[in-house]
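Going in written order, the chains are labelled A, B, C, D, E, F and G, and every chain counts its residues from 1.
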């Protein structure tokens, strides 16, 4: 069978994947103000990781990610659901946005951002789960 | 050392991308860059001594852009005129580049240069197979490819 | 602010995500399965209590005022459905503890189940059309995944039809929502209802109504849009079948009730006439389909279709009694149909087949199971004094009082044919002697059997209770029909007394 | 009283437990319940005799008009008494009859449940409650007929009886609802006084038809009589109780009960008289052909049921009185005969008349009881049956309508019944002794007690009929006749009815003499019978199953395409109709496209069409990709950057997925015929056209202001975001987004499960399980 | 200036059309993939032009994502080819 | 002045991209077509992005425009290499005017091994690829 | 532009449905993809097309100046795109698995569960 990636692709992936991941974080962070957001960012990240998968194979991706993508789905969804809850603390309806400004640096944290992070993780997890599962079937093919 | 370089670089890239040159944003960028690097660290090839090579880099970019423009015109001309002047073929180019990164860099540069296209590297990494569009003067082509490789490698050595 | 309304949605969501994260710990998943569904039932009960006391409860998600954000609206109908969802969820969860294999659990059985329930509850509680679409999709994708769990050939075949036709339905729904937004500029159902009333005699509104009818008609498995159901419901693991049989089509029915009482109640002479024809033909073609089946679950699947017809009949007649009857029917049918599927699962577990000709002799082997089968089966056929009798009686009475003799005659005939089917199962599975050439029964552990029987007994008791004490559900259905037929109340509850945002 | 009935149901449920404790004594113990009810009823007798009624209110679902209220008048009292008394006897009897049957507990459950249902039926004041008990009797009857459930014939007979009676029951339900509608009440007591209002109501016709259907099916009237003989598959006590004394009389009870409401209309009189007379004659004719003891009795029951219907149809005071007498007489002798049949059956092991003979030596008591019962059946003095038959003839002779038709039929029935009665006694007990499968022995006291009591009563009432007068009077009052009391005597003097009796006696004797000949002769009519109602039933069953199969094969044909086409045609029909017929004119907006926009739009179409035309799958995927990119460009052109990004990312990943998935699948092949393609193209174009029209209609019609104006105004001040789309996604409509992500997660889980769980490949399954157990 | 941009936009969309022609004609899958790749690249250019024409800089974000991600489609197709998918498919 | 420069860059960029499109239609085989797409189109986009950078003249926009160019230059050759290689190895026919093909003899279709032609005879036939340091 | 798009979306729907009515399962899935794309576009177009005014609030303002494109349908379409992506991914893999199990791309061979 064909090796997982060519030398050129492997090197390109090593350079591009950090770039793509960084870019995805960038999209995530500023999504509230400019085009982007958790979903788009998640897709970019997942695309980048898929590139890594194609270039370096499953084991390398596993080593890179350190968690199973399936965990990411659950984690992302959990973060998303939990981000709706702080509103209750203030006696407001579900999903009411809460904004906290960290004094000094002027950094803003908000439940919509946390929600978006949840979306981001869940999207990465979902896309990667599917793609990895599909790549696995290739392996089955080899075995057969 | 290399990690810090990359970190700074990516952090600055962050600044550029966001276009918001505040301290807080730099911090954000550096933190994100750190996170990314921490994630991919074990897999990054050597990039030592990046800073000293900046002048060479500028010179190289100039050289490359000139090549790009000239050769592009040549291809464009052939496309726009009815008969084909091209004499394409696949040639093997022995590589001076050694590390994976160098090889990939050279190969991609060659691909970007009009008239040549990297097809693949041999399994022992010694030869780059190139599809060339104008093989009319093969020795000249080989010379210019070698020149390109030399200048590119000079960036890292 | 009003946790009663949001808890039924949050509990399955949390249970689902947690058990999605716990995919390596089957024990935790099993615990979460019971806790989550039980919690849903309790939360639903609490909500029902509150809604009965305080009237329609509304939560503006994100604290955005009514037509701008998404409203969660708990009226009696929605809440009643939530409670039933909790009940069915719990029953199926307990049953699954015994029947869902380790593989299924490792591949997400329980998270899928929780999130399916979340989708169902979301659909019942949302007061926003697009949000309804989203919950429909949650439910649908969860059902896709559950449907293929196991990967058998039949599952794949069924799933292709199920997925295609349901996607078509979703797209029709989506297109209708898109057109509706273009026309009316809003998505909040109460607001939509208000604005529809502002465009009297606009044929576009009726065209939209018809699009929604087709979209939900597919989901509800009405004639002649039901094909996906008999093609697939008998293929997945039986607990999944039971969950689907009880809940999924009823969400479509719910949506029809919601749309055609709240949003499009203005030209019943046209829309509800179409529904009436649909209801009659649904009853008839479903029961005819069942008559020629010789597989336990397939018979039951076709009967889902025919029973949907009764519910639609209630809506189509559009008198207070008829709507009440439709609601009564929904509740009754969910419980009964789930139970029948669960029983088919026990039979399969005991005898290793769903095919009637391979079954038999169960009366001798398990007399109590036989009695337990008779309760839902006869209830389904509308035999007194079980819940199904009252359901059918109300609908038929409403039909006769509304002068819809043809459809009522069909309803009566279908009742008889349903009885025929149930008796066929009874005779073949329980009464008939066990065929000679069938393999010896698979031994079943006692604990496993108890886990399977517990929900069956519980649901049978519900059926008995709803029959012998039909007044309790009748009052509830009456109150909720009253709410449904007075859409102004819903609109006021959601938009505030003045209808805050005048367009 | 209601408590007693409910307690009865509970007791029925507990029968298996009781049987575990009490063993063989269970049945007699349980007979205490009906016995005590008999006492209670007798205690109420003075009240009833005084012409008063008892109303026991008990609300159930008041809003629905359903109550468990009981209503005791003469009619109800008589029926209740018969049910409880014969019920107690049958219980005692069956304790012995089924002594060795392991299924005795089930029998007890069912028979007691039936008894209570029957009791509830005759006592119910509420139409719905009446119906509930009515259906319960059908149901318990089904379970009892199928008692020997491993026998296919029993199952078949049970199904047949259920289909006929429950089918009639559903008609009855409709009829009762209409009755309540017409009469404005659900209470029988109230309805009794509203006969005129009901008969004047527009629904009178249909409700009469429905009610009669219910009553006729239940009471095995022509043409629904066929199920009753088949029901003889049940154990004999069941036949005695359900299929002669009680259940089949539920229909008769209903007719009697509704007589005051519906009884005065022409339709009622004509229908009941005709159907009753026909049933009577037919029952008797069919009885004479039988050699099977129980079936012969069953047909004679059909005959009796017909007679009762006929009497109710005639409806005169005399007819009603005759009805009551006949009812009582029949219950007594037929119950006794069935019990005797059971004794014979158990004693000899056969039920075939031609297989028995000379049993009077071995079974003298049985023979005596049988003889007396047969005398009553034959309508011979001095038994009650004689009075009943005389009254019948008298009533028929006085009938206002159709006398010419019903009199011959009644006469024929009487003479044949006489023959049947004679055969019942002569064949088994007299003549030469015949070898039977089992050596015959006398029935046990418990088993003989019932028949002896019944026959004794028959004899006593026949000799002293005035004992019955008060009861008949009270009952007739319940039937709506409020005139003077009824007089009964054994000897009326030489009257026309007596003459008819004598004539029938002579002719009956002739038939007995030539019984074999009659049977042989009637056997030639067998092919004709196949065309009869039972053949009709079979044809209907076959027919609807065939119809079902045809419709299912046509609709649920397995072709996804046809499902899609059907669905789309429905969409087209409904929406198109609404759009064109209800909408009227369409106002289309004027197009204003720029050159490059038009080109991009055209590229979208080109991409879609190319994807359709490509023979190669991946080429189609590439074309889809181009279309997706074009859509992204449209989004850019029309101010939706977020959408554009999303679209192109999704498109890219979709292409990746497709490329991962498709490489193993085969290439496209053209599988449809040109005609099919043309048809599909037609459907597709119609749907496309409809969508375009809908869009144009929305775009060109009146549009209301958008709620998004609020979002645009408040997105930054309150949502703290500059990107309004994102503010909507994570704040205004965050719930949607949550759902959307859940969808994605679910889809991924589904994909994972699909690819991981492969039953066709156990190795991969093991592997997948091992794999996900590890790091992930 | 607007006329130039409009002209260039039209030219570029026509270029898209040309590329689509190649995508349609094939003949092999690699040819189509190359066409698709070029299709995406031209769209990046179009977006640049639109940004200038409308003075909306953030359209460039779309271009960035496209530049960074659209080649994944090519990678996917290449993987298909290498895994033994028929090249004329 | 800047406006004219922008116009010029736009026109040049458009021309190059049009040329690339024409090339992909006109050129005779896969590999020659890829020359047109990889280079002319990249150049065209780069020129347009330059125009964008000049037009806006803000740091953030310039950075983004350069980002587009950079990313394109990083991805385009990789994509070209991957598809060109795949296309070549699955046997796309070369144009009849092709002069020579030094790759074909060194490629083993069954094992997918690609020799360099420089191996010494004593070297193992299956070269171990060097791991990245 | 909207009327043009209306016609074009109609054509997309027609193409999608034509594909869904083929016997090949892969074509069916391609049809579904076309269908969801068409539906998403429909929502976008029906709400009205706006040129050159993305729904963003400029820096330093509290609301957009002048008319901007309606952000709500954009958000809806985004959600719909994601959902259809999820569903279609599932469908694609389903086709793949169906092929593995049934070894056919012909829908006419998939009738067993119905008849």
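Quick note on the criterion: a contact is a pair of C-beta atoms (placed from the backbone, for glycine too) under 8 Å apart; a residue touches a chain by one contact, two chains touch by 3 or more.
Since the model is a prediction, treat every value here as computed from it, not as a measurement.
The set of chains touching chain C and also touching chain E is given as A, D, G. Graph distance from chain E to chain G, where chains that touch are one step apart, equals 1. By number of C-beta pairs in contact, B-F leads when B-F and A-E are compared. If each chain is reduced to the centroid of its CA atoms, chain A and chain C end up 35 Å from each other.
Chain A and chain D have Cα centroids separated by 60 Å.
Computed from the mean C-alpha positions, the centre of chain C lies at a distance of 57 Å from the centre of chain F. Separation between the centroids of chain B and chain E, computed from CA atoms only, is 22 Å. For chain A, residues that reach two or more other chains under the stated contact definition are 2, 6-9, 12, 16, 19, 23, 33-36, 39-40, 44, 47, 50, 70-71, 73-74, 77, 80-81, 84, 94-95, 97, 126, 130, 133-134, 137. Counting partner chains per residue, chain C shows two or more touched chains at residues 13, 16, 20, 23, 61-62, 111, 130, 134, 137, 141, 144-145, 148, 151-153, 160-161, 164, 168, 175, 179, 181-182, 187, 227, 230-231. Residue positions 20, 28, 40, 42, 46-48, 51-52, 54, 56, 72-73, 76, 78-79, 82-83, 86-87, 89-90, 93-97, 101, 107, 110-114 of chain G are each in touch with at least two other chains.
For chain A in complex with chain F, the touching residues are 2-3, 6-9, 12, 15-16, 19. Residue ranges on chain A touching chain G, taken from their complex, read 33-35, 39, 126, 130, 133-134, 137.
Touching chain D in their complex are the following residues of chain G: 1-24, 26-28, 30, 33-34, 37-38, 40-42, 44-59, 61-64, 68-79, 81-83, 85-90, 92-97, 99-101, 105-108, 110-115. Across the interface of their complex, chain G is touched by residues 553, 556-561, 564-565, 568, 588-594, 597-598, 601-602, 604-605, 608-609, 611-612, 617, 620-621, 624, 627-628, 631, 634-635, 637-643, 646-647, 650, 653-654, 657-658, 661-662, 664-666, 668-669, 671-672, 680-681, 683-685, 687-693, 695-696, 698-699, 706-708, 711-713, 715-717, 721-725, 727-729, 732-733, 736-737, 739-741, 743-744, 746-748, 750-751, 754-755, 758, 760 of chain D.
Contact residues on chain D toward chain E in their complex (touch as defined above): 594-596, 599-600, 602-603, 606-607, 610, 616-619, 622-623, 625-626, 629-630, 632-633, 636-637, 641, 644-645, 648-649, 651-653, 655-660, 662-663, 667.
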